[in-house]
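Which chain is which? They are A, B, C, D, E and F, in the order written, and residues in each are numbered from 1.
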Amino acid sequence: MNGLTHIDESGAARMVDVSAKDVSVRTATATGRVALSAEAVAALRSGNVPKGDALGVARVAGIMGAKRTPDLVPLCHPIALHGVEVELSVVDSGVEITARVRTADRTGVEMEALTSVTVAALALVDMVKAVDPAAVIGDVRVEEKTGGKTGVWTRD
Amino acid sequence: MNGLTHIDESGAARMVDVSAKDVSVRTATATGRVALSAEAVAALRSGNVPKGDALGVARVAGIMGAKRTPDLVPLCHPIALHGVEVELSVVDSGVEITARVRTADRTGVEMEALTSVTVAALALVDMVKAVDPAAVIGDVRVEEKTGGKTGVWTRD
Amino acid sequence: MNGLTHIDESGAARMVDVSAKDVSVRTATATGRVALSAEAVAALRSGNVPKGDALGVARVAGIMGAKRTPDLVPLCHPIALHGVEVELSVVDSGVEITARVRTADRTGVEMEALTSVTVAALALVDMVKAVDPAAVIGDVRVEEKTGGKTGVWTRD
Amino acid sequence: MNGLTHIDESGAARMVDVSAKDVSVRTATATGRVALSAEAVAALRSGNVPKGDALGVARVAGIMGAKRTPDLVPLCHPIALHGVEVELSVVDSGVEITARVRTADRTGVEMEALTSVTVAALALVDMVKAVDPAAVIGDVRVEEKTGGKTGVWTRD
Amino acid sequence: MNGLTHIDESGAARMVDVSAKDVSVRTATATGRVALSAEAVAALRSGNVPKGDALGVARVAGIMGAKRTPDLVPLCHPIALHGVEVELSVVDSGVEITARVRTADRTGVEMEALTSVTVAALALVDMVKAVDPAAVIGDVRVEEKTGGKTGVWTRD
Amino acid sequence: MNGLTHIDESGAARMVDVSAKDVSVRTATATGRVALSAEAVAALRSGNVPKGDALGVARVAGIMGAKRTPDLVPLCHPIALHGVEVELSVVDSGVEITARVRTADRTGVEMEALTSVTVAALALVDMVKAVDPAAVIGDVRVEEKTGGKTGVWTRD
């Protein structure tokens, strides 16, 4: 047993059967950041650029991205999502992104939270790429996960 | 002029008109990495897990992800893709991912390359998350881009 | 408090958390119309055009459109749909469309009913546009909505 | 010949062959409106609601909606889009929406412009529905279309 | 009454209302085969071609295809999927495919199992088409179905 | 060299680079059949069931399915489609399906034609499954393919 639950004993990928898992409220929070040049940060902060719209596009992309998770991640179960919040804040080194996802279903929603952060980050990179073609997406990770048999998991 | 080409002078998002741009061969290479625990790396390397299949799922996800770019990144143009290659290699600290995308169209394909890397990374995180819930996606960035008016751009 | 539940107090869009809402049977009926030239109405009614197929394409588009609602409407929750019916009838001034959607879930289905009507209308416009490029989609609205905490809502 | 080009002589739907059509620059402008209660208009205009974000979500939905046209409208050709702009303005009676779409391809983009307007309208209705469940989408229509064999078409 | 439940008495297609059906565990198994030339079979079996990857792509396609069923089959209900397994085995005459799908919902999953087999088959044909342009997909059928009011159904 | 062009020398899947291929008119015709019980054939033929609508749903599914090919078949290039026709005819043993697809692009459209036939077949099976749960999809294959470097290929 190698611990990779998505791979069966013969090495074949599968969508693991979760029928036996309980429906319970499950949440996940993921974060990430986009490192940007000073010029790109200034553009995002400038009065000329309504911050609402520039960050707003990335926020909408992140929310919609959460819904596309089962289309993108091959072995993810299609599940209901009960709530998605995406927060973006401009800091001196770029933009920090947090996504919080909530459901009441049979599987955790950490992949949805990670996908939400990543798609928001991609949308942001797309918006600033004319100013900063060297943007870097990093530190994309689950911070906390609750619900299900394992209960609360927090990154230390 | 703030340099954010996807935002017009009133601050509204738009898909910029590229009709005037030339159709030319354009390529982009992006890279990224997934930092994993020693246990997860061992599982990926273990004889029990056909490496082909575990990494193969991520590779397919990355190739398909490149095709979903305009669905995910709100202001990206839908374009033809002529070739996509995704390479994953297991190293001691996790998995390194490279995506190379090629087209002959009016816009660059750096967003497609970045999306390919991130979706491959998400698929990989999904596959190892039972072993390593603390995986981190990082250093996702364009390495090189060719074609179009700006010609070759290389990260230094 | 401005009443726009999809916008939080800081003005950011979100998919509101519905975990606390009851799963209950919910239905919605929406209607709309496509105003057409006499020539287009005649073509739809003509013996040469199997009405079943012309309207049938729009009907299928409306049913499939209901399923795409969470892909199209950014802050809509992805939910199960238990039944969708789309009715189109040719009248002298064009085509009248009604969609009835039903689920047992935590959110209402009025957006699914409206999306169904609109996509059916778009498909119809596409089919007659060579005959009538001036078609107008109008009066798209919820007629009735049942289920959930608010119970029955009927347009007066 | 009934003039419905998407229906062949036996009455069957088809995606008509456009191989013989010229690749040319083609544009289309469509408009529409969402009729809203005074209270909903006030909420959209209120200082509490960053107008950028509320209308911004609808704008992004409209731009992304244009790209989904061939997924929604059964007989539409999948084509490249070179530019999409969506404008929303709050007036006393609701919100007015304009979409401008541009391509260089073998088919016109009026369906893309109409889809863009309708999806933006649906997103807006979704955002105000807690305040105004009686919103009505109307007057969705092509205003102008250029390019291709028929040249300029303008609604009089 | 003609027995075609997706067609109402007037002949119009509909997504039938399943609200009254019980949520129960439901499974379906479907099989199919791709008939291939000896040369294509040899290529799949050859040491040069890591069988894992060639069949692995088809397996992932089959799993993802199961999730796309409601997007493809117009009158299918969008439902949760709890588990999907796709098995491919190379035989002398080609490749045999089996898909097992499981859910706990209001409708059966035989369409998901059939879609999974078919999409895996299409992916396989695509991979061998340079070697064997004459591949034939055949014998795609439900083998067994359990759950719901009708209980167990087995092909004799 | 094993001839599987979608697999590189190390055994990894890829979307092969077609930049060097000519843009030329390319067509493909694929056929298939759904074997049905006499009862299901009678239902499709019966006066009660407007044949237009029952077969019409499958036809629309087939046309829309052709457009979804790159979403379903992992290594397929996203390409423009210039025309799609799907024909279904009821025979004593079931339904025969033919799809003709046309483009002017860098890759052939045989996968689009095969996908179109299979999705039409799946839609048909879905519509008759209450009457005939034992329907079998078979003989799905390319009949002819034209254009590109290889010119005309015909099944003998």
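FYI, a residue touches a chain if its C-beta (ideal position, glycine included) is under 8 Å from a C-beta of that chain, and two chains touch if they have at least 3 such contacts.
If you want to know which protein each chain is, UniProt gives these names: A, B, C, D, E, F = Cyclic pyranopterin monophosphate synthase.
Computed from a predicted model, the values in this text were never measured in an experiment.
Student: Using the contact definition given at the top, which chains are in touch with both chain D and chain E?
Tutor: A, B, C, F
Student: Chains touching chain B and chain F alike, please list them.
Tutor: Touching chain B and chain F alike, sorted by label: D, E.
Student: Determine how many degrees of rotation, between 0 and 180 and to the nearest 5, align the Cα atoms of chain B with the equivalent atoms in chain C.
Tutor: Answer in degrees: 180, to the nearest 5.
Student: Please state whether the interface between chain A and chain D is built from the same residues or different ones, using more than half shared residue numbers as the mark of same.
Tutor: Because over half of the interface numbers appear in both copies, chain D and chain A meet with the same residues.
Student: Where the centre means the average of the CA atoms, what chain is farthest from chain B?
Tutor: C
Student: Take the average of all CA coordinates in chain C, do the same for chain F, and state the distance between these two points in whole angstrom.
Tutor: Chain centroid spacing, chain C to chain F, equals 30 Å.
Student: So the centre of each chain is just the mean of its C-alpha atoms; given that, what is the distance between chain A and chain C in Å?
Tutor: It comes to 30 Å between the two C-alpha centres.
Student: Once you find the CA centre of chain A and the CA centre of chain F, what distance in Å lies between them?
Tutor: 36
Student: Could you work out how far the Cα centre of chain E sits from that of chain F, in whole Å?
Tutor: Chain centres of chain E and chain F, defined by C-alpha means, are spaced 15 Å apart.
Student: Please list all residues of chain C that touch 2 or more other chains.
Tutor: 11-13, 50, 52-53, 56-57, 60-61, 64, 68, 71, 74-75, 80 - these are the residues of chain C that touch more than one other chain.
Student: Which of the chains touch, listed as pairs?
Tutor: The complete list of chain pairs in contact reads A-B, A-C, A-D, A-E, B-D, B-E, B-F, C-D, C-E, C-F, D-F, E-F.
Student: How about chain F: which of its residues touch chain B in the complex?
Tutor: 8, 11-19, 70-71, 74-75, 77-80, 105-106
Student: Residue numbers of chain D touching chain B in their complex, please.
Tutor: Answer in residue numbers: 25, 52, 56, 59-60, 63-64, 66-68, 80-87, 102-104.
Student: Under the touch definition given earlier, write down the residues of chain F that touch chain E in their complex.
Tutor: Residues in contact with chain E: 1-7, 9, 11-13, 32, 39, 43-44, 46, 48-50, 52-54, 56-57, 60-61, 64-65, 68, 71-76, 110-111, 114-115, 118-119, 121-123, 125-131, 133-142, 145, 153, 155.
Student: With touch defined as at the start, can you tell me which chain D residues reach chain A in the complex?
Tutor: Touch residues, chain D against chain A: 50, 52-53, 56-57, 60-61, 64.
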